[in-house]
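Note that subunit A is present in both complexes that follow, paired respectively with subunit B and with subunit C.
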Partner chain A sequence: MKRTAKVISMALAATMVFSTSAMAAETFIIGGIGPTTGAAASYGTSVKQGAEIAIAEINGAGGVTVGDTTYELALEWADDEASEDKAPQAYNTVMDAGANAIMGCVTSGACIAITSQTYQDGILQITPSGSAEGCIENDNAFRICFSDPEQGVAMADYMVETMGISKIAVIYNVADEYSSGIQEAFEAEVAAKGGEIVASEAFQTNDVDFNAQLTSIKNTDAEAIYVPAYYQDATYITKQAGELGMSLPFYGSDGWDGVLGTVTDASTVEGVIFTSPFCASVEDEKVVAFVSAYEEAYGATPDQFAADAYDCVYTFKAAMEQAGSIESEDMIAAMPEISVSGQTGDPITFDAAGAAVKDVKFVTIKDGAYTFVE
Partner chain B sequence: MKKYGKQILYMVIAVGAYAAVMLLVNMGLLSRQMTSLIIPVCMNIILAVSLCLVVGFLGELSLGHAAFMSIGAYSGALVLKSGLPVVVSLPLAVLVGGCCAAVLGFVVGIPVLRLKGDYLAIVTLAFGEIIKSVFNAATPITGGAGGMKKIPAVTTYKNFTFVYILMLLVILLVSYLVNSRHGRAICAIRDNYIAAETIGIKVSRFKTMAFVISAFMAGMGGVIYAGNIGILKPVNFDYNTSIEILVMVVLGGMGNITGSIIAALLLTVLPEMLRGLSNYRMLVYAVVLIAMMLFNNSPMKRILVEKKNMRQAAKIQ
Partner chain C sequence: MALITSILEQLLNGLRIGSVYALIALGYTMVYGIAKMINFAHGDIIMVGAYALYVYVSLLKLPPVLAVILTIITCSVIGITIEKVAYKPLRKAQPLAVLITAIGVSYLLQNLSLLIFKATPIPFGSIIKVPSVKLAGLNISGLTIVTLVVTVAVMVGLTLFINRTRMGHAMLAVSEDKGAAELMGINVNRTISVTFAIGSALAAVAGILYISQYETLLPTLGALPGIKAFVAAVLGGIGSIPGAMFGGIILGIIESMSKAYISTQLSDAIVFSVLVVVLLVKPSGILGKLKAEKV
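Entry: the complex of A and B
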């Protein structure tokens, strides 16, 4: 018994020695906020894991050097359950832990719930995936992903100008901010470019039967169907369209990422085109390195949330280096000057409003695999 | 002196709690996490005590409390956004929020309260879903699924005094009501519906009264919520929220105001205290909840309560 105690105490002493040596470098704490429990847990988990990959990479390469100090990055994560009521507590928890900058929140509503507090505290806040307009209203807040309207506008331009489609039908989720936000901007842009929305069909969250919407589209002279929604909805819609004998081409938003994992027959989604900032299966050196590191660590393929978070961490690094300081005030001032070479864009820069400026990419499904549209 | 002893004790507790919170906040001894919990705790106490009136004293199971809360929140938020100075807009918002909820409570109460027990529970549940759909659909006013945004943050911990006074008023109102003539009538309806009717108590009138008062206070709680979070989304007022409030009431012991207060405090703070457990947090929270419910129903607690009563009886003798 005595011996066991001795061994344990020696082991403890050893860990203390090691941990103090590891603490020698200064630490820059990134306060991450997002859902790791609840219905939206997969998004928060992806963001957390994507950020951890980037942090491990940066620390492995010697950390971030600001002036004559080297900082190691660390992630302090707080779960907000994607809920507006829990987000302020989560934010204050990471602030208690000494966060130097905020990565979050993952979902738009929760993000908006903390913006006034982060603004008062004057801390640099970058949301990897909060796509609603209100997320970056204040000067201290920035965003990595596309906003909802940006995606709608980009797809409208692509369909009308590049593909030459003039009569378009839309199916969207009226109870979802993301879906209805894209739909609004899309329809306005199509009209502005001289196209015509021949049908605009709404559905609700958790709907599984889309025959009514598809039948009424079938009775129009639509040349294509645009579905700004999540991949679960897209799975049902494409399958039921096939059963109705419809062969109209489908276009989608970045929520379609992951649709190949849920369809029973990949031919139902063959040839669809959707906007997505990230595609895990492209043969790009940087993407391959990220995907293989992620797969090794977590046994799963990274989605665009993970890629956004990865870029978010590199944005913090770039802001620290550009500012030559880890004070939020200096980093915020440096944000418009930085350029990040990331997974979701190369380069990513930030405009005066705080939104990321990067090319919209179009992904298509060819032979049952995602590829970028040439 | 003896008669007022309990009241004096409660007053000391109320003032003491206020002083303690103010002292901790102003001296900077409270962590930011705990500071951000002050208002949610007060809000949950308001909601739990108001639901306690319907579930605990009237004895009817209502699963639509979040709906009343949401009506108060949305209508109060409109007042808060009107641009009036906070001194005017905040009390006005609380009043408007409460009244809107009360009016709806009345409208819903008339047909609904003719039902009893399970039927009433189901109908209030459906009512909550209707309200949620209406808020989702009325996009020009409520912002639809994206939510109503940019609500001025007026009920933060800096306005603790106002929220605390409101909370005390709610507690006082409910505790005086249940000890009054009307309250006895309400309890009589719970204990024996037929007997109450035979002695001339107008059952549906008292039921509606309790329901409307409860809705009024839930609406006020909703305004506190709106001013604290700054964004209102219909999904946050679904039946889960109603159940959460109900859990506080049940855990506190049905018809026990002090119990409801303690349960609201505990259930708001507990998930935050468990953050150290990261992903197991909600699991542990659920287990703790089960344990507390079991304890509440266990013979051990009954023995403890009996012992306390015996001691008091001995003192009186």
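Entry: the complex of A and C
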């Protein structure tokens, strides 16, 4: 009798083990690579944190179901200090930890440094934020963020076609790759769409006085000014334009996000329109949910790097579900078919080159707050 | 007509920037005249002035006029203190030692403000609220008017001070010959202190005008105007007070004009080329006097 009881209990225990193992999720490991120390640490930290929010959300909702297996997502992070030398080592670290796919690298240079290795290994690689063309050269590599020229092209189309502006002045930072990259693409696209660049004024990093450039623009027949630059530059430029009595509308690039924190008088940037893949202060249900979860977890406002990483994790999820497999080969094949509803685009799809296809969003400042352009 | 308006407007831009350079250059030139040293920390006094104004206006909520006066006093006191602590012990040392000390003081001031106010730029709204004026198609901003008026007033006041007061004469005497001045009963130490106080007060005024124009506080904000003003002082003739005024304004106009009509990227190169040419033709600067060394 005693023996029977033991057998039954063992059988019960065995069933429990089996049933839990059928329910218990397998783990899908995302190998994240990016700088969490060094000069670009804020980018890597944002990506890591943004990804963790998405992972917590997905796991909280029951994980990812592929066929009859449920996977929990996990992030295995390695620091590459945004360095080309450290990135391959970081890649090996996450691969040794059993990474199923790679999220990274965060910066373009480091990303390019591992592309040939990930290609050889045939692993799915998605960079949330590497904007250089070389990042997605191989078939296994994809990108979430816009490339710099794409932004310039989108704004050129918007200004010329939607707003009907034909004479445009540009102020850009000649010493900065981001700014001059957008400026080149913008000017080419404006010309292609039949618009005219009436002034193209350069400045350099750390310049604070833009009166000469603005005065030159003032004496042209420009109808609007496009400034692909960072928010600190935009702060000086808009203020000085106001003092010169200029009332031309300003347009900007995603570097303008944050300008409300640096201007002393919000009326100087009232009505400006800039391209932005993500804007934390916009009153949108999905954005608010992400921002509040992020703020609660890290006590900081997510930036576009965090949003790109968030979308990157959801892209992995979509690829797994579409492929019905967690093999990189299948997921890579599934990438062109997926559609992700993310923070930086809704929907986000991927073209043959591996770049994300999503609508460029336009943010405007209305009554001293950021809102999406309707 | 449009071209003329454009040139006039660029000229005004140049005058405004040049006025600020001139105010700073005066400090370089006066200190050089008296103490025979380049006070490289002078540019950072502008930064101290800007932050001091911010503390008085935004943090302590003092009325603007009082805040301006306190800012000027603060900078003067800091100027005198720097001289007493860092430069006075080195008065008989080699010029190179003094120069290196001045650079050290410059870093000290920058890093102190970095420590206290952190690296994130602080937006600080202008305390000068004067509406802009339209004059024959020209739009002159209120700040430009205030800057020009203040600069002219300061220059007239300084010229009167130096030529009409005993202390002014003492300064001229000390700059001419320190030893002889001392023998004539002039208190050299006090004269040097007053020079540093006035130089720093002028830097404070420049700092106030600068921050009202650009509205963003940075620990390094004084570095670039400081260097430009130093160039202005050398251009005008270091040691010469009219030279510093002239040099500053000329520099501002060259900078503005070359940005507008030649190239924004080359404007600094053009400014420095002008300096090189002037020094080749007239090594003592435009208004500088070349003193014959009696051997």
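Just a few scattered comments:
The working rule: the second predicted complex is superposed on the first by the 334 of 374 C-alpha atoms of A that agree within 3 Å, B and C clash if a C-alpha of one lies under 4 Å from a C-alpha of the other, contacts with A are read in each partner's own complex, and residues count from 1 in each chain.
Heads up, the rule we're going with is that a residue touches a chain if its C-beta (ideal position, glycine included) is under 8 Å from a C-beta of that chain, and two chains touch if they have at least 3 such contacts.
Note that the coordinates shown come from a computational prediction; the quantities given were computed from them, not determined experimentally.
In the superposition on chain A, contact of A:G134 is made with subunit B only, not with subunit C.
In the superposed model, A:T36 lies in contact with subunit B only, and not with subunit C.
In the superposition on chain A, A:I112 makes contact with subunit B only, not with subunit C. In the superposition on chain A, A:D96 makes contact with subunit B only, while subunit C stays out of contact range. In the superposition on chain A, A:V174 makes contact with both subunit B and subunit C. By the touch criterion defined above, A:D85 lies against subunit B but remains apart from subunit C after alignment on the C-alpha atoms of chain A. In the superposition on chain A, A:M320 makes contact with neither subunit B nor subunit C.
Once the two complexes are overlaid on the shared chain, A:V190 sits clear of subunit B and of subunit C alike. Contacts of A:V363 after superposition on the shared chain: neither subunit B nor subunit C is touched. Once the two complexes are overlaid on chain A, the subunit A residues touched by subunit B in the first and by subunit C in the second are 174.
Within the complex, the subunit C residues that touch subunit A are 2-3, 5-6, 9-10, 13, 16-17, 121, 123-126, 132, 134, 139, 141, 143, 213-216, 221, 224, 255-256, 259-260, 263-265, 267. Against subunit A, in their complex, subunit B makes its touches with residues 31-33, 35-37, 40, 136, 144-147, 149-150, 153, 225, 228-231, 233, 236, 271-272, 275, 278-279, 281-282. By the touch rule above, subunit A contacts subunit B in their complex via residues 36-37, 77-79, 83-86, 88-89, 91-93, 95-96, 108-109, 112-113, 116, 132, 134, 174-177, 180-181. Within the complex formed with subunit C, the subunit A residues making contact are 174, 201-204, 206, 208-209, 211-213, 215-216, 218-219, 232, 235-236, 239, 243-245, 261-265.
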